[in-house]
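Shared between the two complexes below is chain A, which pairs with chain B and chain C, respectively.
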Partner chain A sequence: MKAVTAIDQLAESYDLVVVGAGPAGLSAAARAAELGVNVLLVDENPAPGGQIYRAVTMTPVTDRNVLGTDYWRGAEIVARFERSQASYAGSCTLWSIGPDAAVPEGGGFEIGLSLDGRARLIGARQLILATGAQERPFPIPGWTLPGVMTAGAAQIALKSAAIVPAGRTVIAGCGPLLYLLAGQLAAAGAEIVAVLDTTPRSNWLKAAAALPNFLRSPYLAKGLRLMAKARRSLRFVGGVTGLAAEGAGKLAAVRVERGGSITTIACDTLLLHQGVIPGVNLSNAAGCAHDFDTVQHCWVPRLDDWLTSSVPGIAVAGDGAGIGGAESAALRGEVAALSAAHRLGRFDARERDREAEPLRAKLVRALHGRRFLDLLYRPAPQFLAPRQDETIICRCEEVTAGQVRDTATRLGVTGPNQMKAFLRCGMGPCQGRLCGPTVVELIAEANGTTPAEVGYYRLRPPVKPVTLAELAALPQSEAAVKAVVR
Partner chain B sequence: MSAQRRSADVIVIGGGIHGCSTALHCALRGMSVILLEKDHAGRHASGVNAGGVRQLARDVAEIPLSNASMALWHRIAELVDDDCGFTCDGQVLVAETEADLEDCRARVDDLTLRGFHHEELIDTKELRRLVPAVSETCPGGVVSRRDGAAIPLRATQAFKRKAQNLGATIREGVKVEKVSQDGGNWRVTTDAGDFLAPRIVNAAGAWADRIAADLGEPVPLEVIAPMLMITTPMPAFIKPVVIMRSRKLSFKQFGNGTVLIGGGYSGTPLRDENRTILDWRKLATNARTVWDVFPIMRGVPVVRAWAGIEARMPDDLPVFGASARHEGVYHQFGFSAHGFQLGPGAGAVMAEIIATGASNVPIDGLGITRFTQQAH
Partner chain C sequence: MFRSMRDAKAGARLSFTFDGRPLTGREGDTVTASLLANGVTACRETPVSGVPRAPYCLMGVCFDCLVVIDGIGNRQGCLVPLREGMRIETQHGRRQPEEVYG
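Coming up: the complex of A and B.
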């Protein structure tokens, strides 16, 4: 691995640029480099690992039982990458992807990168986006109060800084990760007073048909172990149908609805989690076509068997291509790398197919039983489209669910892009990452259509903020690069 | 019922602010109207521009139209039942040098002689009173105090809704393929069937040259994609919209603190794909201008950049008025990156011309003949 620590150390262009250093990106970059491809891996975190293996090379959490054996598997993936000849730019933000005007479409890209306060435009012949998943937004009344955060954020604090939430902690939501998170935090010493499960009971029926496959899947044993462990030691409350965070200026309690009954649990920290969805901001802004996946209930990029998007030269691997978990992410990263290497002329289609065969077989095994989990942990409608009008759904611009519903019905706004003009939701610094899915649900519900018909935000670069100073100092030519970085 | 309407007194092609305004004003005059828009109202230039409502620094040929429009902007809520986010804090043109200021003086003197008084020369003291954050080296400029800004897509949709409320049929997602003569009518062929009317208005923006060509009036229209950037919120530091004398810049802070940076640097438009490609090297130049003129902005993050697709004519003036060749055909396009402010007034004038054959608002110099004369 060749570490890039300053923007002027980047080459003018690379055969392949991989974005994101989680299992997919690390595996893609390593495999491509092993095949002799000149590859750059860029990642905005200071160390490789992505979310699932965050800080695996440098975490202060040394007790292996706290984060579990699956976490430590990440060390092997990072080690393989470090042995490769790939270039690695950590703490580096990619803020723009555009076509390279000098070559025919799909022949190359111009990407905007920012590192240590300076920006540059460089070339990339192929791109693999491995930016992974994000937590599904989970707006409830009061979720903007200090003391409320996402369970994923708590996990990041744990992995990267060994910090556990203070005081009485409640975890609420739905999804296989909920048990993992609860278990990890409890093992690290957090005072978990309750785990509130919002999984709709009717989901069991819908998921039943997919159960046989799940029973033969690697998820089963792992899942049962996690659940059993968490249930043994923690207070579980199932069948939760409504949640609200309460407190004056700071979280004091969580209000829990279960059917008709209402209880209140005093707490200092509330961790929310409603499963994960692909992070589509980058692929969307790059112009890749997306479809609404009705099983996983989220937008996913439209990809072929080689994970290539509708934009020639851009592939999407890992959970950004559809939620599949860490193991499948690493495999998909390698498949995308083989395909990119083939397009770059490293080997012919036959060789590529042969190399991919064992990966595809493992991928089938890794994804076996996924459908059961997707169906079982599909969020309840009232958490996708919050019922209470006062619930804030866009945190950047403080837009409420009631405003979105009203604008959709009274003004006849049919899509999120028009909604922007009236309410500014999706126009803040997060560019809709936190409100997009909810806005789509609310419009669909108000107009009696489906999320697929409503569509999604049309996103624009910079995908991550770049300062005016960085832009103003953007080198104009190779000669200018030298002048500016001197 | 109205969704099924296939013929009307007027068919407007294009659902930008111009098309919607003309549809509204025709409806106000009692005409039946069908508006055909291939995407949705305000999808392109009208919905994504900088939102400047500016009389300042306009070409003399379009000042009357701009004045008529400004009168409507100042009572916009009355007209379309929505304030369109219109705010009136003036627009200021900044002179960076003494030579710039001399040009400003000559310009204001010329306008005064022509009887226009909306532009006012200001010295460095008044400039710094209006725009305290501007670089101290700037010696003055010009202010147009009744100018301001509005929210583009919201304004365009307000015109559409009001037109609809007054009985106009708005067909979005209907793409015009061809226009042709059919007896005393014009036949507009679309992907949703044919529409008929004795009068048609070509307000198709960046696609208007195709309609004009169908009508035997080809025009040298250039498709452009002016780019804009917006920053994270800043503490309030500037009220008026700022433009410059000798550099390309349009600069404005919204009520929520975000700052809009434009200036007409063009990206690459792909009009057949409804998309644009940004040119970061030009946006960098744009950023450098802000760096020089507004030092307060230097550390601010840019959170979004985009471009709209619109039409530019070779002389940077719109094509406005009756066809030179055909009875019942009217053109209203080519607003060359400054048509948003003109929308409300141009629609009113166009409807007047359609209804009465003439208007008191002079539009000399804007006709299509300036491009088609040589062909005859």
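Coming up: the complex of A and C.
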């Protein structure tokens, strides 16, 4: 691995640029480099690992039991990448993808990168986006109060800084990660006063058909172990149908609705989780087509068997290509790398197919049983489209569910892009990452249609904010100067 | 608020300030993790209604951890490693031009 620590150490151009240093990105970059491809891996975090293997090379957590064996497996993936010839730029943000003006017949990309307050545009012949997943937005009244965080945030704090919530902690939501996190935080010494499970009981019926496959899947033993451990030691509350965070200026309690009864639990920290969805901002802004996956209930990029998107030269690997977990992410990263190497002329299609065969077999095994989890942990409708009008759904611009509903019904706004123009939702710094899915859901519900028909925000670079100072100080290429002169 | 785990690996201590208050953090932690570990409850006030906000996602998605670092506003604290002597401040509302030259 060749570490890039300053923006001017980057080459003018790379054969392949991989975005994101989680299991998919690390595996893709390592495999491509092993095949002799000139590859750069960029990642905005200070250390490799992504979120699942966050800080695996430098975590201050010493007791290996706290994070479990799956976490430490990430060290092997990082080690393989470090042995490769790939270049690695950590703390580096990619903010744009565009066509490369220097390649007249097209086919190449020009990407905008920022590192340590300085920006540059460089070339990439092929791109693999491995930007992973984010937690599904889970808007409840009061979720913007200090003291309310995502469950993943607490896990990141634990992995990267060995800190745990102090005081009374409540975990609420739905999905396998909820049990994992509760177990990890309890093992790390946090005082978890309740785990509030919002999984709709009716989901069990819908998931039953997928159960036989799940029973033969690697998830089963792991899942049962996690659930048994968490349930043994923690207070579980199932069948939760409504939640609200309460407090003045900061969180003081969580209000829990269960069936018809309401209780209040005093707490200092509330951790929310409603499963994870692909982070689509970069692939969307790059012009890749997306479809609504009705089983995982989220937008996913439209990809072929080689994970290539509708934009030739851009592939999407890992959970950004659809939620599959860490093991499948690493495998998909390798498949995408083989395909990119083939397009770059490293080997012929026959060789590529042969190399991919064992990876595809492992992928099938790794994803076995996924459908059961997706159906069982599908969020309840009232958490996808909040019922209470006062619930903020756009944290940046403080737009409420009631405003979106009203604008959809009374003014007849039918799509998220028009909604953006009316209410500014999705126009703050997070660029729709935390309101997009909810806005779509609210419009669909108000108009009696589906998220697939409503569509999603049309996003544009810069995908992450970049300062004017950085743009103004960009080294000028000949093509850029000509563009202005004309 | 957050506290350190028992048996956590010790790191070099770094001095920094938050709104002028002298604090210490661990080398290798991000600005946001250091604030959380020091019991800071909120790090910004929103531009729309001025209410306090605290770090929410810790992975660069939510932008609720925005702070002013060494005079530069709109920094995502969860992506910036803590450095010795950093001057971190609450971001009040939008980033103001004078903060650039702070």
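Just so we're on the same page, the second predicted complex is superposed on the first by the 473 of 486 C-alpha atoms of A that agree within 3 Å, B and C clash if a C-alpha of one lies under 4 Å from a C-alpha of the other, contacts with A are read in each partner's own complex, and residues count from 1 in each chain.
In this text, contacts are C-beta pairs under 8 Å (C-beta built on N, C-alpha and C of every residue); 3 or more make two chains touch, one makes a residue touch a chain.
Note that the structure is a prediction, hence the values are computed from the model and not measured.
Look at A:Leu178: by the touch rule set out above, it reaches neither chain B nor chain C. Between chain B and chain C, the partner in contact with more residues of chain A is C.
After overlaying the two complexes on the shared chain, residue contacts for A:Ala421 are found with chain B alone; chain C is out of touch.
When the two structures are aligned on the shared chain, A:Pro429 is found in touch with chain B and with chain C. Looking at the shared chain after the overlay, A:Gly287 reaches chain B, while chain C stays out of its contact range. Touch criterion met: A:Gly147 reaches chain C, while chain B stays clear of it.
When both complexes are overlaid on chain A, the residue A:Leu471 reaches chain B alone and has no touch with chain C.
Once chain A of one complex is fitted onto chain A of the other, the partner contacts of A:Arg460 are limited to chain B, with no touch recorded for chain C.
Residues 397, 428-429, 465, 467, 469 of chain A touch chain B in one complex and chain C in the other.
Note for the complex: chain C touches chain A at residues 1-11, 26, 28-30, 33-34, 36-37, 39, 41-42, 46, 48-49, 51-64, 66, 72, 74, 79, 81, 100. Across the complex, chain A meets chain B through its residues 96, 98-99, 101, 110, 112, 121, 287, 397, 411-412, 414-415, 418, 420-422, 424, 427-429, 431, 460-462, 465-469, 471-474, 476.
Listed in rising order, the residues of chain B touching chain A in the complex are 40, 42, 47, 151-154, 157, 161, 230-232, 256, 268, 275, 277-278, 280-281, 283-284, 287-288, 290-291, 297-306.
Residues 44-46, 51, 58-63, 66, 91, 93, 117, 134-135, 144, 146-150, 152-153, 156-158, 160-167, 188-189, 249-250, 268-269, 279, 395-398, 428-430, 433-434, 464-465, 467, 469 of chain A are the ones that touch chain C when the two sit in their complex.
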